[in-house]
Amino acid sequence: MPASRLANDATAGTHQAPLRAIDRVRIARDPQRPGTLDYLAELFTNFIELHGDRAFGDDQALIGGVATFNERSVLVLGHQGGANTRENLARNFGMPRPEGFRKSRRLMRHAEKFGLPIVTFIDTSGADPGISSEERGQGTAIAESLLEMVGVRVPIVCVVIGEGGSGGALAISLGDRLLMLENAVYAVASPEACAAILWKDASFAAEAADTMRVTAADLQRFGIIDELILEEVAAHEAPRETVAAVGKRIAFHLDELLNIWDASDPASVDALLDARYARFRNIGAWHEVS
Amino acid sequence: MSQWQYRPHRGGGMRSFFHRQGKFRPRSSAEATSDSPIPEDLWVKCPKCGELLYSKELDHNARVCPKCGNHFRLGARDRIAILTDEDTFVEWDTGLRPEDPLEFVDPKGSYSDKLAATQAKTGETESLITGIAMIEGRPVVITVTDFDFMGASMGSVWGEKLARAVERATADGLPVLSVNASGGARMHEGLFSLMQMAKTVAAFGRLGDARLPHFSLLVDPCYGGVTASYATVADVILAEPGALIGFAGQRVIEQVTKQKLPDGFQTAEFLLDHGMIDLIVERALLRSTLAILIDHHIEIPPESNPSDNGLVPKRTLVEPEPEVRSRHGAGSREGQLP
Amino acid sequence: MPASRLANDATAGTHQAPLRAIDRVRIARDPQRPGTLDYLAELFTNFIELHGDRAFGDDQALIGGVATFNERSVLVLGHQGGANTRENLARNFGMPRPEGFRKSRRLMRHAEKFGLPIVTFIDTSGADPGISSEERGQGTAIAESLLEMVGVRVPIVCVVIGEGGSGGALAISLGDRLLMLENAVYAVASPEACAAILWKDASFAAEAADTMRVTAADLQRFGIIDELILEEVAAHEAPRETVAAVGKRIAFHLDELLNIWDASDPASVDALLDARYARFRNIGAWHEVS
Amino acid sequence: MSQWQYRPHRGGGMRSFFHRQGKFRPRSSAEATSDSPIPEDLWVKCPKCGELLYSKELDHNARVCPKCGNHFRLGARDRIAILTDEDTFVEWDTGLRPEDPLEFVDPKGSYSDKLAATQAKTGETESLITGIAMIEGRPVVITVTDFDFMGASMGSVWGEKLARAVERATADGLPVLSVNASGGARMHEGLFSLMQMAKTVAAFGRLGDARLPHFSLLVDPCYGGVTASYATVADVILAEPGALIGFAGQRVIEQVTKQKLPDGFQTAEFLLDHGMIDLIVERALLRSTLAILIDHHIEIPPESNPSDNGLVPKRTLVEPEPEVRSRHGAGSREGQLP
């Protein structure tokens, strides 16, 4: 394990003084933090990656496949960046292009056809903002993935394991459960982008991160996530323990969902979808005057 | 390939698009006059062709430049006025108000203060207006964004209003027309804003399960979370000529990629060429086009009687003329063939 | 009407001596022969073209949209070439690229969602054989269109109005009825291509056309088409009459299908799909020995 | 990006892939020896790396070059032998024979004569073999094309055999593995040939309606109607390394476009990069990969007892080891993390 590059890293655990939001942003982005492939290697067996959107390309920033979890076949989807320059080029720094979202939609339909529960790992700075991604309908591709996910007739457990960046993160996070590691963040825009827009200066990212409320604790308070998974030691310092802890919570929530869901009983599936609909239907902060 | 875009024949002469429905007085769009020294209530310079246009005449032409066809931006109330039958629009859920769950503070102050100022300036309470109206006699649930209200950024009230409107359409068997301009997410509402993408897509998903149509009209400018949610998974996607539509904004793309953007990048015409939208429709033809689309996508059960219920759409836009009925017969009708 | 460029054109009607297959191939390809847009203009009202595959592009060689036919809303799909060089470039000489087939699949799903019967006009020399079409999965795109069409839960009437070229034609021809104009042809490969393969000389196209049995009369004899629509005068000489005659037969077959199909009655839809399945299931020339 | 292709760990050492199941004696592929002066039954020159290989050793390695990994073409019977458990393959519908409805005549003679000559030369009656077999203990309906039989062109018998096999799989709740090489349509059967695309896709559509999986294995070369029908709408699409797969043939594309084809055009690796296939699997790993895939896609109803019925697939490929079962517990298992 390389020495930590974070100044106050020893305080990343929960038993120390709380970190500022921007510190968690840095931890969430630490390249040593376990990624989707690490969770796949540790928690799943019989993984077979399924490639391609069947129309244009195979996006290695958003990977998926079938695997065994707790003796049951599931579909796994997750963002994956690279550990070095070569991998980062191949994986576009974990920023999916339209092909990635179209692959995720294809694989969600696949999961529905074969009754495979879905587990997703969210870890991206966001959808690719390039010219060719716009040409091939980045917005459309994300929207189609969202539409598929809110209606897919199998249980879904999602975990934010690192950085949850905007629409690119949302596209695979509309499950029946949304879990989040303590040092993960999830935001509508990066603190740097927010600072650039509102402060006209990206160096105010720390201030932006504070006011944007991007931490798991904030989102738990808002009721947007279902569970915060503690990092006794920050994940990049204790990757195996973190992965194991996440695995336990996925298993717990998947078991809970599988207790109420039976692919051969349409009423149970409708109940699952009604509950999923209610999840998103009820998120919002507003009041009504007469 | 914009020569293939849909251009039905125009029926009759030009009409006044503004019905002057009391409070829906047309307002000039700020962007069109910002760099003009001429008083905005009298003359407007077309930013595309440079022509000086008399503001009232521009209004009369639904704010489309009579010289070059440039479609000026329209405020939400103006939009409702030109799209719907006179005096038919009934607004819904006007009591919904945003909150400030993040206690958001930026250098210009708190979100609450910004909201109050925007509300005072615009006379609107939020950036989305919803309701029901008739379009050429057909009832339609309509949602329209207001770009003047914080750049039509999507927040919790938007999501709640939209979900309620779409749920009512689903319950009542009505089509939905969404008119979408947006600058993206409302930063001040943080992840609540992002989650409105999920909420709105989910509501439209249920409309689709009921096999009711969603027509999405993309107008200038439409970016970010709206482009990446319900606006682009509609059954038919229309856009106004020249409208800029994209996921990432042009400045962001230039900064990230260090590349020059191609000509016409993210215009409606660009999106049509790239397969993302169904058709580009000039503002003057929107109503008639929407009427035909509604007729093609809403079915009247055979046993129902349209005259019993004002809410049941008419089946056909135009009563078939006798010679059209018999066109498979004697062949007396003049077609387009030589 | 320009003077005919066919040597024996006066004999194109059925009341004269029969033409050779290659003559019909030439008539089928005549640029003056009415194309999909002509049928749309004459037989349909309220046509609104729907563009795009929502992933890459809009293919103008395979067009589609909603329209009114006999006071009922339907979905129309058809190949369309160009009348001049500029149009032919825009429409790729009527040879669809993968985007065209993906649009046709999208629109068939659209028709199913809204209970719109489908009418298709087949008129293409075949799918585009270019490098970029291969890159974007020409084979996959055709296959997906076929799979959609055999299962789409609305009635479909298909008409071969000109040249029916191989997979590009097949992709929108799997309906409940397949009608064919007398001078249209429908072949697994162009006679020129067949001659080049088997005779090593494309100039033997006439011989190839004969032995390939590409005419409507041949295909009627084989039971592959449901009806041959006579051309009293060849379509390019009498376009309006031909279009009108085709319109009558579409109306007849659509009425027949609509009498047995009711979108709100799943049993009637299943019966329609069973009959469609049987149509294709039963096509083949084989025998069985014990 | 072929570094991302699926490469599971190999378990144990190499095994002999040919089970010598009586009549399934491996035959050397014609293409591999055509320009070699060496007797084909003794030595074969690898067309990729030039290495001289002893034919029996090549057979022993499932006709994969031990030096460069080049996958030589395999005959249909050899293919069945290496994919299925020894002595488990039962062939179906061997009595189906083609006809000559077109009375097709080309310069070399009639279709009937060509068929008779091909049947005599190959010992097969048609270009598709169907049946049922076990793959690592799991029953699978399997269809395999024979490129030696008129270039594995698709005709009426192919369509009928395939439809029957897929219908049986649908009725019995079995997965289907199709192994696809093809030169395209069988010209001699004219439109009957083209219509087999419809027939086969329709049959697989019904398999899909029953939520039974279709695994398609694309092997060198796979072109034309097969690529444009059931082979590319499978639930999981696999390909062998280096296999050429496309719709239009390379010569046709070059003639039509007058362009030079890009490097690696239409190879399996090219298709993976372009999103058209799920994974590339080395021949040695096909059986184990297929076994895992079957397990992931076939569900055993809870009430059924696998031991009662040899046709019910086993749920797991490998019995979970105790430490795998407890991997969420004490964390004693060594993972790949540091």
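For reference, chains read A, B, C and D in written order, and residue numbers begin at 1 within each chain.
In the analysis below, a residue touches a chain if its C-beta (ideal position, glycine included) is under 8 Å from a C-beta of that chain, and two chains touch if they have at least 3 such contacts.
Note that the structure is a prediction, hence the values are computed from the model and not measured.
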Identify the chains adjacent to both chain C and chain D in the sense defined at the top. A
With one step meaning two chains touch, work out the least steps from chain A to chain C. 1
The chain pair with the larger count of contacting C-beta pairs, comparing A-B against A-D, is A-B
Whole-angstrom distance, CA centroid of chain A to CA centroid of chain B, is 32
Let me have the rounded angstrom distance from the C-alpha centre of chain B over to the C-alpha centre of chain C, please. 37
Could you state the distance in Å from the CA-based centre of chain B to that of chain D? 51
Sequence positions of chain A contacting 2 or more other chains: 54-56, 136-137, 140, 144
Specify, in ascending order, the residues of chain D that touch 2 or more different other chains. 274-276
Going by the touch rule set out above, what shape does the chain contact graph take here: line, ring, star, complete or other? other
Touching pairs of chains, all of them, please. A-B, A-C, A-D, B-C, C-D
Please output the residues of chain D touching chain C within their complex, sorted ascending. 93, 95-108, 156-157, 159-160, 163, 185, 187, 189-199, 201-206, 209, 224-225, 227-233, 246-248, 252-253, 256-257, 259, 261-262, 265-266, 270, 274-276
In their complex, what parts of chain A are in touch with chain D? 1, 34, 38, 41-43, 45-46, 48-58, 60, 66-68, 70-71, 73, 90, 99, 103, 110, 113-116, 239-241, 243-244, 247-248, 251
The chain B residues in contact with chain C across the complex are 1, 3-6, 8, 208, 211, 213, 235-236, 272-279, 289, 292-293, 295-297, 299, 316-317, 320, 324, 327-328, 331, 335-338
Counting only contacts in the complex, chain C reaches chain D at residues 127, 129-131, 133-140, 142-144, 146-147, 150-151, 166-167, 170, 174, 186-189, 193-194, 197-199, 211-214, 219, 222, 224, 276-277, 280-281, 283-290
Interface with chain C, chain A side, in the complex: residues 54-56, 98, 102, 136-137, 140-141, 144
